[in-house]
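In the two complexes that follow, subunit A is the common piece, with subunit B as its partner first and subunit C second.
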Partner chain A sequence: MADTLMPGSQAAINADEMEGLSDKPKSFGRLAFDRFVRHRLALVGVFGLILIAAAFIVGPWISGYPFDETNVRDRMLGPSASHWFGTDEIGRDLFTRTARGGRYSLVIGLVAATLATVFGTLMGAIAGYYGKAVDAVIAQFINLILVVPFLLTLALFSLRFGSTWWRLALVLAALLWTRIARIVRGIVLSLKEQEFVMAARAAGASHMRIVLRHILPNVIGAVVVEVTLLVGTVIVLESTLSFLGLGVKAPDTSLGLLVSDAKSKIDDDPIRVLTPGIMIVFIVLCVNFVGDGLRDALDPKSKLEKN
Partner chain B sequence: MFAYITRRVLATVPLLVVALYLVHVMVSATTDPLADFRLCLPRCQDGFDQIVENYNLDVNLWLRPFTWFESALGGDLGRSESLGLPVTTILWDRGINTAMIAVPAFLVGSIVALLLSIYSARRPYTKGDYALTGLSFIGFAFPSFVMALVLQNLLAVQFENWFGVKPFNTGRKTGENFLELARDVFLPALTLIIVGVAADSRFGRASMIETLNQDYIRTARAKGVPEKTVVWKHALRNALIPLVTLWALNFSALLSGAVVTESIYSWPGLGPAFLTSIGEADVDLVLGIVIFSAVLTVAFNLVADVLYGILDPRIRFD
Partner chain C sequence: MTAPLLKVDHLTVGFPSKAGVVGAVTDVSFEIHPGEVLAVVGESGSGKSVTALAVMRLHSKSTHISGSVMFNDTDLLALPEDQMRAIRGRDIAMIFQDPMTALNPVFTVGMQIVEAILLHHHDMTKQKAWERAVELLDMVGVPEPRRRAAQYPHEFSGGMRQRAMIAMAISNDPKLLIADEPTTALDVTVQAQVMEVLHEVKRATGSAIMLITHDLGLVAGSADRVQVMYASRLFETGSIDEIFYESRNPYTRALLDSIPDLEGTKDELHPIPGNPPSLLRPPAGCPFRPRCSMAIELCREQTPALIQIANSHASRCHRADELAVLAAGAPA
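So, the complex of A and B:
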């Protein structure tokens, strides 16, 4: 009896293990990571961003030209071994300038998106948690920001306060926090009625502690996705502003400004418009791939198989 | 319903007033219309006084908006200093030009985006869906100025170099007949369509997939409703509800002027007028365009709300 019983139960345990039933359940973070890693496009996005950031940082050293060094003998050159992206009409190396502009785009995108997210999350959490008058005031404030065209506010700020990259990032963040605030507010509205918040309050936790320790961790998933997509929005907006002459100003440069410089020569040299233009498209594409991957990975309802 | 609409409109009035006041103060505070005159002051005292009078510069910065509100209530939106015309005339003329590209772009763009999202949603995670989703990802990553420059160079300039004919105009020519007009409209409209379709179709696909996964769709299929009816009647009507909001926003944004696209194609619409008004500190024109776009946004949001009620009779207005 004992001889026959033991192998039997052993086999049952093995079968359980094979189906993964006896495994310790994976944490949400671990599951999300697994899903993200299996999301091929998201990996392409991460890899693309690392590659392009590295090229922008290291590239200018290798090319060996300062971004503002003029050389009248080598002006309006096409792409070649010595000037990878060619030169502009006063002989500045366009690869170095593209790398410098691209670095601004990436930095402004990251800084503005991060600031907007932090501020938006806080405002959304406050509006949702306190409700009533506080909520109404914040909602009207958001409507006020949305009713004035972004371009107008951005232009006026850039006229008044100049346009160094961090000021640009600050203004963009000041305009773009509203969407995140609305999303966070919605989540917080439904969360605050749940039992664990009541339990925390019954245990004597302060409002601040409830918001920071109990509510915000539940919001992070949605916010992480939004911040990624926001990086793409910021990069497009910043390049558009610079293109219109309202963003980064000469002698410094940015991707939008490079397109704008090349615009007047587009009939002779269409490639010169394309190089910075494609850089913007490539960066935004990679950022959106990462955002899409994060959305799938952080959605508790999505399955591991589907990618 | 009528009470609901009235209440909604009335609720936006204070917001708009505060916004216009702040815009007026912001524009006045950041720009100096007298900059050129200060340098030549003793000689050009007349011009100096004229500018002071035109811009009400002798009134305190914080009180200046009120003179504007006073005349605006009487229907006079003031006079644009940069374009030398009454603001209402500019809004009307330029608004028509903008509508010439905005209306076709919106109609074609929305319909194409809807058809593509239905196509994708009916066969998710297949080759056709991946191809469309990939394309919309790429289109979505294009800033409109890059898209406009590429299309302009490719379809107008390079096309002429290769084939010796220029199929499309760049800019508004004075052509009167329909064909000439279509040649003018085509490129800017196409730019807006591509950028819009890329953004809309991803949203539409998600909305349609979600609807097609609902229980009542399975019920309809189970009781033998033809697939065409399931998709085009049962699913589409419900999937349209979130799309209607997006369309309202898109259409009001397009009608307020596509700043970048219109500027690149030198289209004399509201977009370039807006850029000029900012650059030249033309307060009256700035405020006119802000009002114009705000009224459009409110109006189309209301239309969207009314359409909700038609699409889903369960939605009540209270």
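So, the complex of A and C:
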């Protein structure tokens, strides 16, 4: 213990070794990124999503058909060089329509999941951290939303206000944030009893600072996984709604609507159901892979070496 | 003697519960002078930690606190929350019992010290604070502080984490350091090292230390004064010698007797029989009476007052005077 108060005694010994190393510590974000790119499935997910997003955005230009152009001579064609995914009953190019529908699905999924996460995390953190009356009010509010009949609300809403994509995203977010809120609340309830919260208070940090700087970073890992699951859920839900005719309306389209359009011809022309269906599965799978990778990357206890 | 740094007067802390108010601290008064090490000793639930938390005002709003806590002539209990926040960590800092959970797992150890520094030095740059953090880690004996600062708490051993906690606590040169059982969660060998660090810190910074512990062995080697608490009350207070060799309190003596003897001259352990009384409905009379070998009828009827024995020595016992005779053959 003699070296305790002799600054640099240990450091001096190691000075030579330290020379080569940068003394700038790698930031948490940088470390998380390093871990993420080492996660093979996550990379597959990211590339899959980039690929599909690119296809959806660029595709309609390449195909050369507007999504709503009808052509009575080219009805009900199978996949070919000129119509990659074939055509529907009124001769619209299905590749262009799948791309357009997929774009809606992706955008609605991302926007609704992001909104639900931000709001849910905030509500959950506040409920968990402040507890007591605040917690009770938020918990009752969550219960209220959970007992609201889901499809009925969506149906009424889309009938009354129409169903542009952002309205749909908003309603889905408003109904889906509760799950995130409950998860975050649970984690925060246990986190706030940890001594580091008391230690932060003893160091002079305010409640707001403790929630934002100390508690939320500990929640991110769990939330990120939930977000990705939520993106998947939203995409599936949106497809379901469109399938039922409560989502995106014709002549515009979405993946769910495409499946719905093709359902009556499922025996003659199964490919028409399968292509948008496979798209839905592929997107949701990719998103979940990414979520898995993010969870591992954001866990500071992850075993991957950082040098 | 110089003016006290901390002067606690008639501090009483109660926790409301469904069954009534639990009196965790009852009418406790004490002082800590600049540069002094005061040890607060007692069993679990005797009110040691609650006293410390009350000084830092870290209790929840529903807690009943009365009395006064004067720190450099400011009554901390009357201070608005934002001013209290400025004092926490800057003038009074705290070290916690369990270094495993007292560090935030998602930030590097260095970042947490930087955070503690920047809370009270708004104009300091992050780089400068980082340099200071490395310096502090070096000071508390963390080897290769520059490399270690960039590591996460789970990459630290228990002893190293407690050193990091100490580094964080002293980062703003506090005048008073409250150490709440700083070594309880550590191995015996590491305990000694951590206490050594605390001493070095005290020597280097001149801060006063309030050392909360149930380990009398730890107290003997490190404190200037000792304060024994039992069932929410102060039972005896005095210098190290007064407590260890001239104790005038049966509880203190029983506590000293219960220390296991490493040399093996004692064959058995001597625990104090029974359990501390309920703080919800404390029995009438002396709270230690049911477990006390010297209890008399008076103890059943009347709670003893804290009796001044010498300048710095006081004891809460009806028979404190009689114990003076016995003091000659003091327990080990």
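Everything below uses one rule, namely that the second predicted complex is superposed on the first by the 248 of 307 C-alpha atoms of A that agree within 3 Å, B and C clash if a C-alpha of one lies under 4 Å from a C-alpha of the other, contacts with A are read in each partner's own complex, and residues count from 1 in each chain.
By our rule, a residue touches a chain if its C-beta (ideal position, glycine included) is under 8 Å from a C-beta of that chain, and two chains touch if they have at least 3 such contacts.
Since we're looking at a predicted model, the values are computed, not measured.
In the superposition on chain A, contact is made by A:R213 with subunit C only, not with subunit B. When the shared chain is aligned, subunit B comes close enough to touch A:F289, but subunit C does not.
Contacts of A:G204 after superposition on the shared chain: subunit C is touched, whereas subunit B is not.
When both complexes are overlaid on chain A, the residue A:I280 reaches subunit B alone and has no touch with subunit C.
Overlap of the subunit B and subunit C interfaces on subunit A comprises no residues. Those residues of subunit C that touch subunit A in the complex are listed here as 56, 58, 85-90, 93-94, 96-98, 101-108, 110, 115-116, 119-120, 135, 138-141, 143-147, 149-150, 152, 154, 165, 168, 193, 196-197, 200, 203-204. Across the complex, subunit C is touched by residues 1, 3-5, 7-8, 10-11, 14, 18, 21, 23, 25-26, 28, 194-196, 198-206, 213-214, 217-218, 220, 300-301 of subunit A.
Looking at the complex, you find that subunit A touches subunit B at residues 140, 143-144, 147-149, 151-153, 155-156, 159-160, 232, 236, 239-240, 243-244, 256, 259, 263, 266-267, 270, 273-274, 277, 280-282, 284-285, 288-289, 306.
Against subunit A, the residues of subunit B that register as touching in their complex are 15-16, 18-19, 22-23, 26-27, 29-31, 125, 137-138, 140-146, 149-150, 153, 157-158, 256, 259-260, 263, 274-275, 278, 286, 289-290, 293-294, 297.
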